[in-house]
Structure formats: structure tokens, C-alpha cells
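What follows is one structure encoded as C-alpha cells, with my remarks underneath.
Chain naming follows the written order as A, B and C, and within any one chain the residues start at number 1.
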Amino acid sequence: MPTTAPAFSDATASDSALRRFLFGLPGVDAVGLEARAASLGTRSIKTTAKAYAIDLAISMIDLTTLEGADTPGKVRALAAKAVHPDPTDRTTPRTAAVCVYPDMVATATAALAGSGVKVASVATAFPAGRAALDVKLADVRDAVAAGADEIDMVIDRGAFLSGRFMKVYEEILAVKAECGTARLKVIFETGELATYDNIRRASWLGMLAGADFIKTSTGKVATNATPANTLLMLEAVRDFRAQTGVQIGVKPAGGIRTTKDAVKFLVLVNETAGEDWLDNHWFRFGASSLLNDLLMQRQKLSTGRYSGPDYVTVD
Amino acid sequence: MASAFEYAPAPESRSVVDIAPSYGLFIDGEFTEAADGKVFKTVSPSTEEVLSEVAQAGAADVDRAVKAARKAFEKWSALPGSERAKYLFRIARIIQERSRELAVLETLDNGKPIKETRDADLPLVAAHFFYYAGWADKLDHAGYGANPRPLGVAGQVIPWNFPLLMLAWKIAPALATGNTVVLKPAETTPLSALFFADICRQAGLPKGVVNILTGYGDAGEALVTHSDVNKVAFTGSTAVGKAIARSVAGTDKKVTLELGGKGANIVFDDAPIDQAVEGIVTGIFFNQGQVCCAGSRLLVQESVQDEVLDALKRRLSTLRLGDPLDKNTDIGAINSAEQLARITTLVETGEAEGAERWSAPCELPSSGYWFAPTLFTNVTQAHTVARDEIFGPVLSVLSFRTPDEAVAKANNSQYGLSAGIWTEKGSRILAVANKLRAGVVWANTFNKFDPTSPFGGYKESGYGREGGRHGLEAYLDV
Amino acid sequence: MSEQNRLGVFKTYKLYVGGKFPRSESGRVYEVTDSKGAWLANVPQSSRKDARDAVVAARKAFGGWSGATAYNRGQVLYRVAEMLEGRKEQFAREVAASEGLSKSKAAAVVDAAIDRWVWYAGWTDKIGQISGGANPVAGPFFNLSTPEPTGVVAVLAPQKSSLLGLVSVIAPVIATGNTAVVIASADAPLPALSLGEVLATSDVPGGVVNILSGATAELAAPLAAHQDVNAIDLTGAGAELAKELEIAAADNLKRVLRPLPAEADGPDPSTDWLAAPGTHRLTAFLETKTVWHPTGALGASGSSY
């Protein structure tokens, strides 16, 4: 079984120790947190900084399709888009990954072979996570076997909300064990955890259990990534590295649709976790429509005129 | 900040504001030269560029302005409250319309970041006029009995740290209650008050109701000691406040004083640490610490001291100091060479007395008045930097062990303006807030202002309240 | 044995400081006469040091008294009225002698003084509601203003109205939780010194009210300049003295309650202490404290509730 960072091995020694640890984390004042996120949201990112941020954001996208109607054709189109987001401008960076359901992993892997774009797969009975552990693990195994580079698991929110933290912890450990070399992103579904205190606890729980990334949400509930919940998770990874030396990534997902939004998130990263996270190994956007807005803004910066939806591809 | 993500300059345009090469005094609805023809220059503290030349009021001008205000008082005070209200609503609206222009102007003349003038000063200025506008025809319901009367001519002297906001705090309640005013802005920040005179003109405010005298302390003194002034309102230093309190002895002038402070920001070990760090930063680095209610003393529980200080230093290292007109600037210029010298002297005293200085690693521009965000550790109650108001971006850090000790240290000051409490325990907030001898207590927040919220100090931080229903009392014969 | 034959027992009038009845530290006394010049008593001629001791006592008492519940302070003030009621005759005699009033007028003044305690007893737990409250700030914050006592208040009692005027200036100061150092009427201090005895038996904690007799200007000067006095009520000062004291009071920015215009022209017997007092004397020695706290949403996702 993978081990917890040594600095916190006591915290996970027992159910009650874990509970004490999580409840011992500093509280979060919602108004203050949101005010800080909003204040960083007023940063004015222009010209060269904007160009840098747009390319960085494109390179951080987990281009996602998670629909019941997904087909191999759809996934292949998405993969093509990930590799060449703007066919008219080959200097456009590739996205970080495409993110699909496990049964589409093989298609995606084939389509992306040699491109450097990763294949991420949601797993563990995404998005609800309401299945037996065996089923969840089988889901993970399937995705990994099909070639997924990254696994996006959902935590058991029911267990978390009812205070069974050890159950959540052990489930993450078990999934991590199935991942092999695939990097594990742990989705909290922050919209269902409801409070910032819970999001901070979940972040630490996930990091203690060996998450490579902590991720806000599935994109399937009313409230997904927000500047405030992402800021809070960035504080968590910042503090975790300060105390353990272990760096963990962050992935806000869902609801980030515009360049303006994406740039705000990058400002949060820059001024909270710091520049070490300004890299798609450590920060991702779970998004789909965001990419086209970034591309239009990119075209505007290079040509000086506003672009339109007919000048980016619909995939 | 060395980062892969370098923010390109994002300056707010100066072209929205048109500063004339010279300005007169605004007396009886007209701009006029000073009686003795004196003028002085106002400079941009971030560049030392001369922005304009303004008339320097003397005693004769004060007399003229007070006479104009007296003459205007008769009709103004006799107007139905509902009519006075509409003038104030007009002023509020015009301020909103011109807020970008005024924000840029204020940033140029004061040196504070555009982010603050745009997001804090100007919205609060407009809100203050809106709030008191509504009171003008409701004074019978303010809790001071039926038909409370205005006092007459208010002589108002304001500081340079929030030029237009302090003007609003003074003028809005004065006019709402039916007084007329003579206001003297600080000599380093005269411009926004002169622009306000133009707003009065646009609003059609009757002549003489608002008079603006730019000038130095001698003009302020002539104003507050003028025998035909009925009400004195002053915001500024405690030393000047005391002189004013002496000067009005034996008269029937009503006085309100909003003076210095040395606010304690108390961080308990169960605080929401990340928000507390933000609150500490807001508390002492907002407006370069040139805030009377600044949280200039950090009292941190010893059990979390290292953690808080580490987080604080890390956070201070991300503050962006520089061109105040840049929308990404967090820390602007110090308002004047004189203030910079005072800060520098006190910081040197702190070092000489053995406190440990740490300043954020940031490059200071070569012209203008600048001071890097600074904190002192190893500070005790006996240190000068723990007792004297520095009025700059300098935080003194002290530790405590128990809530009792925190309260005792917080209250151990000649001042009593503001305090902060950071803890997740509700009963502790209430208990500590109850024991603090300070007029404004921010719990799990800091430096929040609102027109409905009374503001003012205990002890040598002054007396009287500005804002809210309480703020009316200072301008009524009650 | 008839009245005439019995030699009366004189009362030794003493100061009331810190709940005790000391003689003046100076060891001096001065002669107090009735309105016709007949000797009434020798009373302590308080010194600057007595004033200083009184401030120490008042400061020491401030924490407990200001921290007591408003209900408790109301009970205590009401108890003063009860105790005074039982000693009406003594006070009527002293007031009549001090102020030259007829027996019936003096009795009426004592009744009014008792009623004044009752009036202020009822205010202790209401003034906070009248002068404080929640402020609807434009943001996610709970914002509450509450009045708090200013601290140690030096009170120059009216020179003429030796009991009703005295009670009218002491009661509002302590009703709100301040503690007081009172300079009694210089020429008519007996009701004030006797009031000390009433306060001592009325559950008023020692030090909450301290009463000094002596020369007003001599005692007021060190109190006005005292750095540990937070406010001064100049009611009993003439115009010239009031101005001097207000200047001295500025050194630590004491809150100053100026004398009424009539009193400022020279202590004025016509000041109508019988009139309804209003709340002015209560609010004169209150500070408004405003506390902010974030409210925020019920959860990170916002809430529709």
C-alpha cells in the first residue's frame, strides 16, 4: 500500500486520528476567502502577459467529453482538436490531455499516440461514485489497462459527509494502488461538500492518501470550479508542499468558459501556490468550451482584430 | 516578484482627468484667488511631478468663506429636508458618473493605487452622499427629538489619506442636517476637493453652502478658531486634535475629532489563518498603512506565531509596489516627503531599540516617495514602534499567551480607534470585542467601512462618531 | 428627659472614597454654615492627593461596574432610591439648611432626588437599545453598534442644588457603567457627604462613586489634567473655571460636558433640576463601539435559503 507522507503518518494511523487531524485544520472564513479570490480577480492581464497566459491555459486544458452520447468519432475529433487546437496556427500549444469515460480510453489512446497529449479517464463510477469498491476498482483497472495516463476518480461524498473519513481515505489508497504509473486526480465534488471547511478537509484527506492532483468537481452538479474553492485548494497544496516537500497538482473543472475566467485562475495560481505550479504538470483546467474562447482571444492578440466562432473549429 | 508570469504594465488612462494648471479657492460659489495672492504647488507623490498650483488661503479668506457660509445658512437651513435631500442625491449621482475621473485624480494627487481609489474610495464616497441624502427629510425620526436644528456654519479640516472620502464624511451629514460648510483639504491633496466644488456647481447647489479653502495648517487653525463657526470637525493627528480641543474651550462650538490610532489586530491560535493573513495585510498595508484605524500592531498567539509570520512574509513578498495608476499595483507611494521622513525615522528608532526589521523584497522606484512593506518582530510593549502611530506600511508584531493578555496589551495604548479579532470561536469574539476599548472592532475581517456604520474612537483617538444615525448628532443642536 | 435637655450627637462628615469613609489626607477641614451663616459642620478639605486616590478607586471599580449586567446596575440604582427613601428626613434637614429652603420645599426636593434615582435605575437596560443597534451595511457583514461607558468621569456637582442637582449628575454617569469622582458643592457639601453613606449601604460597589468636599477649583484642576480620567462634567464650574478645565482636559482628550449656559454665568440657583432630565447626561459619557463580523453564505456553493 502506498504510504502517506511521513510528516503526517500519525494523522492516518486510525479513524479517530484522521478525524482529529481534519477537524484540527484551520477554519475557513467564507467571506474573507471569497473577497481574496475576487480581489485577485481584478488583476489586469494585458498584452505580453495575456499572450503568455492564453498559451499556458491552452496547454493546461484537459479537453473533456463526458456524455452518454460520446462515440469513437466524437472522441477522435476531440483528440484531433487537442493536438492541433487551431489548424490555422501551428504555434498554438497542444492541450494537456483529453478526458473521457473509461470505455473511450482505447480510442483516445490510439488517436493521440505520439502526440504527447495525455489520456485522462474518469473512473470509480463517475460522477456519483455510488458503487461497490470492487466495481470502482474494476473501472480504474479497465481505464489503466486501456492506456489511460491519468485517472480522475470521485470520492465517496456520502461517506465524507457522514464523517467516515477513513473510508474515503482507504478508497483513495485502493484506487491509487490500481493506478500503477497513471497519475491520480481526486475529485471532491466541492459543490456537494457544500462548505469551505469541508473542501479544506477533503483536500488534505486527498493529499494524505496520495493524490497526484486534487480536483474540484465533475462538471455535473450546479456549482463546479469557482475562484474561491480553487484558491482554497491552492492554499492546501502550497501548505502541503511546505510541510512535506511533496508537490501536488490542482484541477478546477466545470464552469470555466472564458479566457477572462481562465486568466483569473492563473493569477490565483501565480499569487497563491506560486510559479512552480504554472505548468501543466501541476495545474489543469477541466473544460471543453473554454478552448475555443482561448483560441479566439489568441487570434485577436496576433491579428489585432476580434475573431468569431466560425474561425475556430467545432468538435 | 520574479515569476514566469510577469504582469505587463496595465496603467489606467490619465486622459480621463483634466487638471487645470491653477485653481482658486471656492468661496460663495466662485473660484477666487487668495486675498494675498499666495499659491502653492501640489505634486504627484509617485513621481514628484507638479500637478497644479492652487491658491493658499489665509485668515482673510477664511473670514470671507465663513461669511459666505453664514449668509447661505439662512436659506439652506430653511429649505425643506426633502429639497436638501435631492441636492445630495444629485451630488451622489454625479460622483458616480465621474468616479473614474475622480479615482484617477485621487491616485495622482495622493499616490494610492488606482485599485483602491476605484474599488474603495470612490464607491464609498458616493454611498456616503446617498446615505445622508436620505436622512435630510427624516431627521425627526433620528432619535434626537422632534425637529432637531442644524448648528450653523461647520468648519471642517480633513487629512490627505482619503481626501475625497473624508470630504464626504464631513460634508454629507453637515448638508443633510441643514448646516453650511467651509472645508479645508490637506495641503498635499487639494485637488479632489476642488473637483468636488465643480460637482456642487453641476448639482446646482446654492452658493455658499459649500466652500473649499485650500491651504496649510494656519488656514485650518484660522477656520476652527473663527468666532462665527459653530461646529468644528477635524480628522487628523492627535496633536492637532488636542490643540483644537483647547482652542474651543469656553466657546459653545460643538466638536468632533477623529484622530490617531495604534490598532491591535489579535490573531488567536484557532483563527482562519489564511484569511487572518489577508486581514493583517489589509489592516496595515491598505493605503500604505496611512490609515488612522490601521491594524498596526499584530498581536499573535505565541503558539501560532511562527506559522503566521511565515505565511505573512510569504504573502508580503507577492505585494506589487509601484506606479499607482497601474491596475495591478497593491502598494502605492507615500503621500509626501515629510511623511516618508517620519516613517523612516520611526523605523530607524525601531531598529535602534532592538526590534528586528524585515522588509518585503521589492524594488522602489527612483523618483517619488516610497517605503517597502515592513514588519518588526521581537517587539514588546516598551518599543516605540509598538506605541507611536507610524502612519505607514510598517507592522509591529507582538505575541501573547492568553486572551486576557491579548486584551490587556491591545488596550495598553493612549489610542482606542480600532481593533481586530481573528478566531473561529464565536464566544471568544464576543468576549474579547466586549473588553476592547476601541470604537471599531473588526472580527474576522479588517478595514471595512460603510456609510451606515458609525466610526470613531475611544480615548485619545478622538470623540464623536461619523457615519450612520450616530453621525447626525455631531451636526444637530441636540 | 426632654429634647432640650439632651445634648445632641454631632456627625463627623467624611469623604467617601473606594467604599470607605476617610478623612482628608490633608488633615484639614473647613467650616460649613447654613444659608444664614450658622455653623453646621466641619467637613474635610480634600487635597489633590485625595483626588488622586479617588481616581485610583474609581479606576479599580470600573471593570466590575461596567462589566455588571445593565439589569444589575438598575437594581443597585433602585436600591439607592430605597435607602434614600428611608432617610428622607435627614436629607430634608440638610437640604433645608444648605439651600435655605422651607421644610416643605426641601422635602419636595428630596422626593424629586429619590424619584431621579428611580428614573435612572430604569434607564440602565434601555439606553443601549435606544442608542445602539444593527447597521445595515452593504456587504456580507453583521454590524452592531453598542454604547459603552467612557470610563472614569470627574463630576463637578452643581454648587446650589446640593442634593437634587447632585443626584441628577451622578446617577446618569453611573447608570451606564461609568465610575465617578464627584466634587460636592463647595458651600453645601453635607447632602453629598451623607449621600455617600446611602450609597455605601445600597449595594453600590466601593469606588463606583467617590465624593470629595473642598474647594472646587483646587480639586477640579488635577482631575481635569489627570491622564487616567476619561471625561469631565463641568456642571458645577463657573465660566472662567470651566474654560480652564476644558483646556486642561484636552491633554488626554477627555470628553467634556460643558456647564449649562446659566451655570456658566455663575452657579445659578434657578437651574431647574426639577425638569425632566432627558437622556443627554446619559449619552454624554458613552462611547459607541461598532463590531463587524462576516456573515457570508451558508456554504461554498451559495444558498437559496
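Following the convention adopted for this analysis, a contact is a pair of C-beta atoms (placed from the backbone, for glycine too) under 8 Å apart; a residue touches a chain by one contact, two chains touch by 3 or more.
Note that the structure is a prediction, hence the values are computed from the model and not measured.
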* Structure fact -> Comparing each chain's Cα average against the average over all protein Cα atoms, the nearest is chain B
* If you tally the C-beta contacts for B-C and for A-C, which one comes out higher? -> B-C
* Return the distance between the CA-based centres of chain A and chain B, expressed in whole Å. => 44
* Structure fact -> Expressed in whole Å, how far the mean CA point of chain B lies from that of chain C is 36
* For chain A paired with chain C, centre-to-centre distance based on mean C-alpha positions, whole Å -> 68
* To do: Can you tell me which residues of chain A touch two or more of the remaining chains?
  => 29, 31-32
* To do: Find every residue in chain C that makes contact with two or more other chains and list them.
  => 141, 294
* Which residues belonging to chain B are in contact with no fewer than two other chains? -> 444-445
* Asked: For the complex, which residues does chain B have touching chain A?
  -> 3-10, 115, 119, 270-275, 278-279, 318, 327-328, 424, 444-445
* Structure fact -> Interface with chain C, chain B side, in the complex: residues 127, 143, 238, 241-243, 245-246, 248-250, 252, 257, 259, 414, 429, 433, 436, 438-445, 448, 450, 452-456, 458-460, 462-463, 465, 468, 470, 478
* **Footprint of chain C on chain A - complex, ascending** => 29-32, 34, 190-191, 193-196, 198-199, 222-223, 226, 228-229
* Structure fact -> The residues of chain C that touch chain A in their complex are 140-141, 294-297, 299-302
* **In the complex with chain B, residue positions of chain A that touch it** => 26-29, 31-33, 35-36, 42-50, 52-53, 56, 235, 266-267, 270-271, 274-275, 278
